[in-house]
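Both of the next two complexes hold chain A, though its partner changes from chain B to chain C.
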Partner chain A sequence: MTSRMIVIGAGLSGLMSALALAEAGLRPLLLAKGYGTTYWTGGTIDLLASRRYPNMPLHTALTHLIVAQPEHPYARMELDGIAAAVDRFRTLTKAAGYPYVGGLERNVVLPTALGALRPTALLPATMAAGDVRLGGEILIAGFHELRDFFPPMAAANLQAQHIPARGVYLTLPDGYQRHDYSPRSFALWFEQPNFRQAIGQQLRTLRGTATRIGLPAVLGLRDPLGVVNDLQQISGAQIFEIPTLPPSVPGMRLMNIFHQAITVAGGRIQIGSEVRRGLGAEGVLTHIFSEAAAREQRHHVAACVLATGGIAGGGISTDFRGTVHETALNLPLHAPESRQAWFASRFLHTEGHPIFSAGVPTDDQFRPLDSTGHVVYANVMVAGSALLAGDPVEDRAVSGLALTTGWHVGTLLATSLPAQLAT
Partner chain B sequence: MTRTQQLLQTDVLIIGGGATGLGAARDLAMRGIATILVEKGDLTHGTTGRYHGLLHSGGRYVIKDPQSATECAHENRILRKIMPQYIEATGGFFVTTPWDDPDFGDKFMQACHATDVPVQEISVDEALRREPALNPKISRVFEVEDGAADSFMSAYGIARSAREHGAQILNYHFVKGLIREGERVVAAEVEDLRTGEIKRIGATWILNAAGAWAGKIAALAGLRVDVVPGKGTMIAMNHRMVNTVINRCKMPDDGDIIVPIHTVAVIGTTDIAVPDPDVYGIEPDEVTFLMEEGEKLIPGFTRYRALRAWAGVRPLYKQEGVTDDRDLSRAYVLIDHAKRDGIDGLLSIVGGKWTTYRLMAEEIVNVVAARLGNTTPCRTAEEVIPGGEAQQLYWLGHNLAHVEQHQAFGELICECELVTREQVLDAIAQSGAANLDDIRRETRLGMGPCQGGFCTYRAAALWSEWRTARDHDVHVPYNGHGNGQHQPDASEPNDPGTELLRHFLQARWKGLTAIMWGDQLRQARLDQLIYLDTLGIDLLPDAAGEDPELVTHHPAIATEYHV
Partner chain C sequence: MTFIIPSDHIELSLEQSLDHCIKCNICTTACPVSAVTDKFPGPKYVGPQAQRFRRPDQDTPDASVDYCSGCRVCNQVCPTGVHIAELNARARAQIVAQKGLSLRNRLLGHSDWIGRMGASPLAPIANMFLSNGLIRMITEQVIGIARHAPVPAFSRYTFRSWFKHRSAPTAKGTRKVVYFHGCATNYYEPELGRIAVEVLEHNGFEVILAKQGCCGLPLLSNGAFADAQKYHEYNVQQLLPYVKQGIPIVGTSTSCTLTLKEEAPDLLGLHSDEIKLVAENTYDIFEFLRLEHEQGRLDTNFRPVALTLPYHPPCQLRAHRIGRPALDILEMVPGLRLLESTSPCCGIAGTYGVKREKYEIGMAVGAGLFDFVQRSGSDLALCDSETCRWQITHGTGVTSKHPIEILHRAYGLASPSTGG
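So, the complex of A and B:
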């Protein structure tokens, strides 16, 4: 069997790595247990909005972090590395008809489904009219049948923050009643012109003095921009999407785009293959073993990107004795010593919970290190939430960290290991 | 806050909204005696809502506490008749594991016979056929009539019945003082925690049914009741690896029982005396110990997902001369303060089990009724508690059957426990829920493996819409057409449901950290992604002022955990 470039994990970091490797002509194989956390998050790309760097534009905050935390992945990529990844992501999504707006200069602030004001660096164009700086009254509209979006609650919280808002419920047109509803079923309905027409008319009637209308992020899977444009035409107001609870329709859109791009570039994605262990010799990873249908499959490794995620993604597991474990290759981790030190006393603790900062320490080439500071495998690089990078949720950097490190590591690997790959 | 003093007068005032107090309220009301019950938290806030849910066969006490064993066996039969909708007839095994004295079984059998606790020895093969997850190395198995009881829902059922008979049940009413006139306790000064209002409730008799808090209540009248709050920690595992209650066949000890209840199996318990029933925590080594003991009964136990850990405080009455708290009797004690202390008007009842709540209520009500000259006999042993889906024993499939019959898949607010929108709205409307825990206790919302990740947001929003509709007379339809609209103005604080949500997330965390590892930790991280990353709850400003209707932070009902 010939050795391959392997990417483990199908979240944003794994997908970006696989894309970089595929575009370099290296025909990567992406192995993943499932579709990853992409389906769990709202589809915006959050680079940084940390309490540690308050009241400054995004660009300045990133610069501060790079100086203050030289071992942070962002510092290892530097601003140029971050920008390169963002550029590639923007051209990718634009080409797929699902363009993102925003960038490294400053964060855009968008209303959440709870009516909070949330900063993000990059957002799909379908969310752009949510930008709070645009002013004017906002109408938040949803459906009783979609149980994960409550317009009156979001509107009340926006009002409390001095943003004029109203929350209303829409009525499902006749013929769309079901025994159960999911975000995906709504997304498919919004692709039907009749459904859009009926909803657009209701929005027109209900909008009153509102100039913008926020809807749950379920406005179509394949052509959400078309759906938004159409609803704008009919309703006479600007339309924007608001992400809500998983499964995330924006996440599904991204997954489709990546799947297409990676496959076209010569990569392969194999979902349902959980990597359980690796085998190495003399500081080089030679094989990994995945499990599918209760059988073990052996893969000969040329080089590998570990993009399995953190505790949410399943890349890091824990047990009741307080052991913290990297699940795919059993790499050494930095984690709190004992269970007593894992948590702060409050869920919404501003410093986060220490256990969620667990991660794989790496060198500046993103290669895993052992406790003595030596590289474990020279042909393995780590990306995304598996990295030691503080608590990305507290830093509001989950998707940004995944996207940028994924691309960076993919391109790094594509350029740094010609010798091994030639064999 | 208003602090006007309101005067109420009744024949009997009961302090404590656990099983015993509620049972007494129903009994009194059924005998036509005017009754008010006050509880500082929601009903079952105390120990009733914090135990493993065992309906005792009596087996656990046959050797150490024979009187309690006989009472349990007797009441077990009665409760199955009068409140079947809250009881699952799981049956129970006492099993001899390799860590237990093999001769204990003979003593156990004899003691069961001596105390009228029905028992039969069955073969190990038969036991393993019925419970394949049990440790195959067990050597003897004794079958008893243990069951699982829903202490939350039954409390609401008893309270409903008591109200129908005329009792007033007041939750979130905190007793601040007992008022004495000479050698008689004549009234209680009570604060309504929702409004801040102080009420003086005069009563001919006051029943102190405050359980582990009975000592604190008695002290308000200058009297002494020695209650040793015995903290017991339990862990609910997200799997019914057994459908029968499993006990170790040995002297009762820590971590020797597994109770299958609803969708989970609960392992219990530890027993640590704590100085104050309001201040205790769950220690990591207690949790580790319980997990390892579980492994002895069910190999692979530690690989299941631990859902939550909690601790309750047993209301053990301290007699003279007992040194080990586990040796304190589980039997109950009725204290007539007129006889013991020369102070009339107050009776205390302490000790006992959930299983014997009805008997305890009957006994104390007999005393009170006699003194009030009421000769109506007690009917609680015969009269069935109404309510519930059907007058039959509860079984696990009830909720699913309900959802299927009503084709309510699209109406599920809590997917883990199959709680529908209608059930949540009913619970809100009936109780006027003062926090999400109230809804949880009545519906099991948020008790499943997602830790409330999805349903908490939904329930908080539904509560908020219900409140808006009530306060602004706006119809917010939930299963039909229309557009209930209320335009809040900028002077209003945050949406009220948001405070509810924030409080629930914070409070729940305390109970979760003790068992947070593996998939539970992963789930917690997903919930962080939902509430912080997607919803940005941490970015909302704090509420402008306290919402008086939300009882969330009041010190009287805050239990301090130290994890």
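So, the complex of A and C:
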């Protein structure tokens, strides 16, 4: 218990890194300020859907990017590295009874809660019937009680894009009225057979000519595939989930799956412990300090994965002077020089906002670099949105980068470590 | 360029933390209370959201905040650092300041009064009285303490009396600690205190028994802030001389140590140097032993303890934000395997689950943990908090002990005597 492998951050990248380290027998400690961005995002894995590489298979687009941007994290992992991470993730979720479909072949286009169309590479099987290429009429069904999910609006927007769709509201069965409702309330109810039965019957009545029914992604926490199967049998239509606004039930499922897998493999997850600073000597990180009651908790570091996220996830922050900084270890960043340069002139500018490109520059081992190109800490690797990686928002690659770099860095660290560090 | 730092920036950081709320509702999905009852709308609503409508000169907008159990799970999962539990606790205190404290909550808040009355050679009589169904029914009707709620049995002697009269007093050593036993150890579980003292002495510490009062947490969680402040100030006054000599405060009640470290200073807005010094030098016992181990000073010559036991890290321990120090130490004991519970809370949350209107909620919150303990098949469960141990035993019928008792056993120290 002297020094320890530490992963900072509980988003997809941190979870994948911690899993890799735990499975290598290195008993990592994952520290995080709170639950990560898994709870904020829809649970799909977007590898790449850049407007720079239109109309081509996904692996071809990835290959183009790898050639065009040799310092991009994808280029450093190469296609094989990306595929390895995707494979591990698919095996993990399948073993947990929550399989993902898709891969590097092509993006699947799914309807959003607004009725917009969104491409993604990997999606939970519970969302698979949402693939717009499947054809036929779609029924979008929701609940008045579940806020921010408006079936008529989603259907109207799909119609405007020449996808036949209808939107209907379902009625909460008697006994389920509450003062307030959240996606979790619905997820827990969908685990009850009586609730599923009542909703399935309504869907059957309302289905009409629709062959597919889209519901908010609240179809249970533990066995969503079972819920989908049940609803399909009762309603007579294919069922698919559409991600909601946060909190994301698909994200909660992922967090549960990772928590279980990491702890079973000997890792530890410590939530509520924000890493505030690190201490190093001679190019090696020796200690990190996490926030705790009355005083910081000091951790002795063998090696560390920084997976704290970018501007959106809190790993990169700004202050009122316009300074952009990395929050956990204060690593050097590439970021827009001044506050005036953070944003493009329009909110939905096609070139994206420069501030979202802020990130930690790394070498090909994902180790952080200073402004002169020297490695800051030889035993630190960076994963996920904290990385300098072009503009992942515009590239539609945020979750894909998190997933793949997380796994890659975790395995890289596990194999590159001197043997004496392995406990 | 100079920047003006507000004089009381700690206070500001707490009050203004609500501005960091981005309404993501992660807290709502993690809250164990709102999962089981409609009476509590969730941390986001009663915390950062309702806080905008709370002003010192106005009535509080919503009484549902009283259904917050104070387990602090919301704080831990919040990705933006909002002090939700503190906002809720202060809102409850505002209601109490306006409407007064009920007799029931005053009694529950003063665990020291009750303990002092009950822990005596006459304890068996008091215990018989308190376990009588008719009396419990009357207590529920008249005072509002749930008739089935777990109440501990008084000890026939106090920990302090044992310590003062023990045959083998602690050896004078160069390294000293002050043991903070708390009310539960003193009045209900003096055996735990003996075990803790022996473990500390085994590691070469001279154990000092300083004067101490209730940590004040039961009062804080019942919203009686003014009364709690008196206790905290008394404790700081008693402990400060030791801390100033570099002697740490070590406790076995994880809720007491949390209160000394953070709950009392933060909730009461007390940030003097003296209060900070005591807070910074207070340790939960396994946290302290883990630090000793990091310095290479802990005796790790453990005897095998061939047991597989469920371990519940209580919400008050999680609120320290120090990980799982008991697991870090006990995983070195050969033969011992601890199964960690992932349930956020046992439901008792100090005094919450003994209240008539909240008992069922507490039991529903704890259901997952009870199931976990029972499925383990073990006849012993471990937990660092006394009220949680009582609740676990109440919910499962399984004996619950502080994990320090296992360490005591691993050191091969004497099995529990009858005491007295």
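Please note the rule applied: the second predicted complex is superposed on the first by the 417 of 423 C-alpha atoms of A that agree within 3 Å, B and C clash if a C-alpha of one lies under 4 Å from a C-alpha of the other, contacts with A are read in each partner's own complex, and residues count from 1 in each chain.
The rule is short, and it goes like this: a contact is a pair of C-beta atoms (placed from the backbone, for glycine too) under 8 Å apart; a residue touches a chain by one contact, two chains touch by 3 or more.
Values in this document were obtained by computation on a predicted structure and should not be read as measured data.
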| item | value |
| --- | --- |
| Partner chain(s) touched by A:Gln297 [first = chain B, second = chain C, both, neither] | second |
| Which superposed partner A:Ile311 touches (first chain B, second chain C, both, neither) | first |
| Partner chain(s) touched by A:His179 [first = chain B, second = chain C, both, neither] | both |
| Chain B versus chain C as contact partner of A:Arg346, first or second or both or neither | first |
| Chain B versus chain C as contact partner of A:Thr263, first or second or both or neither | second |
| Most chain A residues touched (candidates chain B, chain C) | B |
| Partner chain(s) touched by A:Gly272 [first = chain B, second = chain C, both, neither] | second |
| Which of chain B and chain C A:Leu225 touches, first, second, both or neither | neither |
| First, second, both or neither for A:Trp40, with chain B first and chain C second | both |
| Touched partner set for A:Met252, first chain B, second chain C, both or neither | second |
| Residues of chain A that lie at the interface with chain B and also at the interface with chain C | 37, 40, 178-180, 246, 314 |
| Partner chain C, residues of chain A touching it in the complex | 1-2, 29, 33-37, 39-40, 178-180, 182-184, 188, 246-247, 252, 259, 263, 268, 270-274, 290-295, 297, 300, 313-314 |
| Interfacial residue positions of chain C with respect to chain A in the complex | 24-26, 28-30, 35, 38, 41-42, 45, 75-81, 258, 261-262, 279-280, 282, 290, 293-294, 318-324, 327-328, 332, 340, 342 |
| Interfacial residue positions of chain B with respect to chain A in the complex | 284, 287-288, 291, 302, 306, 407, 409-410, 412-413, 421, 454, 457-458, 460-462, 464-465, 468, 476-479, 481-490, 492-495, 497-498, 502, 505-506, 508-510, 513, 515-518, 521-522, 525-526, 528-541, 544, 563 |
| Interfacial residue positions of chain A with respect to chain B in the complex | 37, 40-42, 46, 112-118, 144-145, 147-148, 150, 152-153, 155-157, 159-162, 166-171, 178-181, 206, 243-246, 310-312, 314, 317-322, 339-340, 342-343, 345-348, 350, 355-356, 393-394, 396, 398 |
